[in-house]
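The following pair of complexes shares a single chain, subunit A, combined with subunit B in the former and subunit C in the latter.
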Partner chain A sequence: MNKQKVIFGGTVIIAVSLVAALLVALVLLAIGASPLATYKTILTGPLSDLFGVTEVLVRSVPLLLVGLGIAISFRSGILNIGAEGQIQMGVLAATATALALPHLSKGFLLPLVLLAGALGGAIWGGIAGWLRARLQVNEILSTVMLNYIAAQIHTFLLRGPMLDPNELETGSGTPQSMRLPDASFLDQIVPGTRLHTGLILALVAALLVWVLLWKTTLGYRMRAAGAGAKAARYAGIPVERYLIIAMLLAGGFAGLAGAVEVTGVHHRAIEGISSGYGFAGIVVALFGMLHPGGIIPSSVFFGILLIGADMTQRSARVPANMVLVLQGVIILAIVSGQSFLRNPYAQERLMRWLAGLAPWLFKSKKGVQP
Partner chain B sequence: MSPDVMIYNVLCLAVPFSVAILIAALGENFNQRAGVFNLGCDGIMCMGAYVGFMLPYALKSAALAPYGNVLGLVGAMAVGAAFGLLFALVTVTFRASQGIAGIGLQMLGWGLSGTLFRHFVGGVTGVEGIQVWPIPYLSKIPFLGGVLFNHNPLAYVAFLLVPASWFLLYKTPWGLKVRAVGTHPRAADTMGIHVDRTRYQALALGGAMAGLAGAYLSLCQAKMFSDDLVAGRGFIAVALVYFGRWSPLGILGGAMLFSIAQSFQLSMQVWGIKFPYEFAVMLPYVLVIIVLALARKARQLGPTDLGKPYNREMRF
Partner chain C sequence: MTSLEPISELKLEGITKRFPGVLACDGITLDVRRGEVLALVGENGAGKTTLMNIIMGLYRPDSGTISVNGEVVQFRAPGDAYARGIGMVHQHFMLVPNMTVAENLAMGLKDLHHFMRLDIKGAAKKIREVSERYELPVNPDAYIWQLSVGEQQRVELVKTLCLGARLLILDEPTSALTPQETDDLIERLQRMASELAIIFISHKLNEVKALSDRVSILRHGAVVFNGHTANHEPSELAALMTGHEVTLPRNEGSGGQGTPLLSVRQLRVRGDRGNLALDGLDLELRAGEVLGVAGVSGNGQREFADALAGLRPVESGEILFQGRNLANNTPRQIIDSGMGYVPEDRQTEGIVPSFSVKDNLILKDFASKQFSRLSYLSRKEIDRNAEQLKERFDIRCPSTSTATGSLSGGNIQKVILAREIARGPKALVAVYPTRGIDMGAQEFIHSQLLERRREGIGIILISEELEEVMNLSDRIAVIYKGRILKVLPAVEATRERLGILMAGLTDTDPPPAAGAPSIPAAGAAHE
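Right after this comes the complex of A and B.
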């Protein structure tokens, strides 16, 4: 059964990708770009040299972390759209912590800074979770609003209280914070590139999320609350509490992503630091079937897409907003495809068809059992 | 400045602010009354804003130039309706999760409008747009004339849409069907109402209105287009529907409350009251959250099957 599910899920994902690619090709044709050439640049361009590969991984680290958090929240039945704002709060909390404690040794400071980032995001996510659990405020609307609010707080702090004094002296006035103390930096993995140890951190986090969701009582209860709140309540699970916990965790992962971006890549808080990772993370999580095992490859794939889109903007003059189009189409295609995933008849029909196509897939089983 | 002049200024400014969210929220009301929660409203507004700007801009030197603005509005509504139908395909026919699909539609509309704009136009360019049209005689009434009758033609349309959508929802067979499929689709189905077809129609209408709301922003208010023109107004419109308890009059009240708050915030800056700009911008969004938290009891008044896909083959 499990093997069937994986095959079926994989088939749907492939079909979804093809549909999305076709739809976006129409848009590319409309703006006079060659779809094939554009896709080729997007998919192969970033992987043509070592630097490109490391840049892809640099992008996939925050995507993976955000995607994990979103997977937790979606699995628990709460739709967290607020990762963008949670990242920014994480960035602010991590930056403030690092700047406030410049003399600590690395062994203390770095974990503290990452923790502060996670806490900042968790608080921001927790607000939406609490509003939903206690006041039944629709979490999609509240997280969207919290995104706009976080963006304004971010801008306010970077232009005011947290502005680098040097910027005032030189008069350039770029809204950014002071450079963080060296002790708060994540180390580079490949010298000369921007790839940092945040990658390892994110992979460990993926493992932890898998353990949490599938091997602990807490995770079981969160998934139960998401799969059927009514049934879970009958079984004695305080659903509201798990909604809040899920949002705290989701926000925490987004905030951690922000802290990792600060300590690993930019080494200071800058404007536009979240650069759409919060929204891309939703697509990453959905594309990875809300499972850490799927989200890891999915985050790398979207890392390629983001870098590739930058390259097409330069070479083929396809605006980088195209990524948003692609993400939107993929989301629509995935949620449409899920209705087939949930439909046992569609699954049965597809498995029959596949079995006729490739009998070796099912050699271990006698016939097809839907 | 005397207080009555201040109030006058705030109110005069509030009406133009309310138009876009009012039209979009009235449209979203049809969606939600039919049981579909369309979060993609924001993305549809982006597309409407783009098309509304683009048609007059592209026709500037063509023979059709005098009709550019009208074509822009019609085009925006057509594109909005098309996006509404796309959303219907995903959520009604494929029965996808409406919340996530809405975010997908929002990204699609936002990204597509930005992509097309950068490709076909590029930088900041203005259009003549639709000018303010004071209603003869009525606009001369002291105080009220300036507040109510000295606006863009679309503002009058928006306010007329309030009674119009009330009439459509409560006094026509179609409105009854819409409310039925949003409240108890199975009963409606049993009575021979096409649930899916009605939802498609409601989504097309809501999409067209969201497109019109977007076109108001680009063609009447800003007289230009940019990526961040809509700035989450679509989400505010969705929240207004909750706040207005799914009634056109309530939505009008909510829209006015928001726009008065917004114009008050702008006026404060004009009056020179020191207040960090970022916090002022934040105000409407904070207000949405507070309003949603306070409006929770209203939920029982709303369409009970909101957000639930209908599957006539499903038992139980």
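Right after this comes the complex of A and C.
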């Protein structure tokens, strides 16, 4: 039974990717680019040298962290669209903490800065969770609005109170904070590249999220609240409380992603630091089937897409924004694919078609004959 | 939309339909002619609904043929079936609540769609014609949400007839109806049958007996019996349906002498619309008895059950359980006090459908010492518990890792019952525990409840199935408009007497006018 489900789910994911690729190919043709050349650049370009690979991983770290948070919130029945704002609040909190305590040793400062980032994001997510739990404010509305507020706070602080005094002196006025103290930096893994220990942190986080959701009573409660709020309530689970906890955690992971970007990559808060990780993280999580085991490869895949898109801009003269089109199409394809997943009739037809096509998949399986 | 020729015969031959791992229909051969009612009987999962979906063109059979009036047809969509005069009334009504009856019909009738204009009057006229001809009173201008379930059922029938169907497929049409509405529907269908052909899907054998001319029994996707209804007793049909003798257990004792367990005093609770749904309800449950709460649905049963489970605020009054007032306690406190609960809507209230069977079996106890250590779930113990309960409660599932929502209603109910009983409750509230469940599972659930009763558990059984209430209860309380109208010992209860009480008339009042077609208007009971 489970094997069939995996085969079916895998087939749908592959089909979804193909459909998305085909649709984007049409767009590429429309702007006069060659789809094949573009896809070749996107998919093989980033992996052709060590630098490319490390850059892919640098991108996938925040995507993975955000995606984990999204998975927690979606699994708990709350649609968190606010990761972008939560990242920015994490960036600000981490930066402020690091700048306020420049003399602490690394052993204290780095954990503190990461924690502050997570806390900043958690508060921002928690607001939406609290509004939903106590006042029944739709979380999609509140998180989107909180994104705007966070963006404005971010801009205001980086152009005002947190602006690097050097920028004022030299008069260049680039909106960015002072450089953080070295003691707050994440170490490099591969010397000479930007790849930092945030990767390890993110992988450990993925493991922890898996343990949390599937091995602990807290995760059980959250999944029950998400998958069947009514039944959970009847079973004595205070659903509202777990909505808030889920949003605190989801925001915390997004905030952590922000802190990791600051301490691992940019070493200061800059404008546009998140570059859309908050939204891409939703796609990463959905593409990874809201499971850490799927989100890890999915975050790498989207890391490849991001770097590949940059490369196509240079080599194939295709605007890097095409990757946004691709993301959008993938979301649409996933959502349609999921409704397809739920249709037993479609399942039956697909399985029989597959059984005819690839009988070895179903060896030792009874019940399905072509 | 009217058929080319009136339908005189529908014939299915060798219909086979396979789903992954399941043979849903296995060479089914059936026929039904004008002027007759064919009852299609079978337990849940026997393949009834799949077969009907094949007739309606929603599924295509793997093999076999369908012919209308001797001509082989292939339906690709319900529209094709309607074009040949075949229509279906689904178990769950397909009506838009905030539209009128006429608007609901107009949606499906293409003749009424003119350029930029929808002929609602035409729809209303058509409804009046049909409802007069078939004696199905329906007000075309009423909004669906204003109608009772029984009236909505009539709207569905009229709609199907208006769309040109002369062969009606009725999928468990009585599953949501009160006993009175059921009797009324059966009577109307009997009258309509002379001009139509009807396929009546049900597993309520007394209805099958009352309505049908012939009966076909499906088991595991195959027809195991064809016969004339008049020649066979319901018990015989039940045995054929389940594959073994079925005798629903009865409560032979006369309990009600145990120590008081739960007393509800002057309970006031508001309904969803802010009305006082419970208005001073008094009730006492004793240990070792089944207390049936009978009533037409909508008289406060749901609010009563919710208040007992801690899911609805209590405005005033007490729920004293072993001397402790549970009113306005949290669900968790109530669960921990030893109350078991089988909720009304098993799919959404009783289980988390996407969770596995084993996870649903610990829905209330996952945090207990048995199933977790330092807030880590003890998977081994959870597996062991699931295997044990699966065995003990005869839960039929491919494995305990299967998603519970994919099981049949009867098996879902067994999962819930297993969970509640395994917790060792002192009192159990069961709300419509066998609604829409097949005979085999029903028998099992009934005997489980009676066994718990013998062990000294007090059981509140809220149901509108009079058979069920009378079979299982020691005492029967009739609920009407948020109060208990009367409590009588089960031995003194008869169908008629309960029916009268459920309509809000106390014993001393005269019975309702003879031949009144449905439940008397609620207001008629005042003074």
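Points to keep in mind about this one:
Definition applied: the second predicted complex is superposed on the first by the 364 of 370 C-alpha atoms of A that agree within 3 Å, B and C clash if a C-alpha of one lies under 4 Å from a C-alpha of the other, contacts with A are read in each partner's own complex, and residues count from 1 in each chain.
The working rule: contacts are C-beta pairs under 8 Å (C-beta built on N, C-alpha and C of every residue); 3 or more make two chains touch, one makes a residue touch a chain.
Since the model is a prediction, treat every value here as computed from it, not as a measurement.
Bringing the complexes onto one copy of subunit A puts subunit B in a clash with subunit C.
After overlaying the two complexes on the shared chain, residue contacts for A:331 are found with subunit B alone; subunit C is out of touch.
Look at A:103: by the touch rule set out above, it reaches neither subunit B nor subunit C.
By the touch criterion stated above, subunit A contacts subunit C in their complex at residues 1-2, 4, 215-218, 220-221, 223-224, 227-228, 230-238, 344-345, 347-348, 351, 366-368. Against subunit A, in their complex, subunit B makes its touches with residues 39, 43, 86, 89-90, 94-97, 99-112, 114-116, 118-120, 227, 231-232, 235, 238-239, 242, 276, 278-279, 281-282, 285-286, 288-289, 292-293, 296, 299. Looking at the complex, you find that subunit C touches subunit A at residues 18-22, 59, 309, 311, 330-332, 334-336, 341, 343, 345, 348-355, 359, 363-364, 366-367, 372, 375-377, 379, 398-399, 401-402.
Interface residues of subunit A, counted against subunit B in their complex, comprise 27, 30-32, 74, 79, 81, 131, 135-138, 140-142, 144-146, 148-149, 152-153, 155-156, 159-160, 279, 282, 286, 317-319, 321-332, 335-339.
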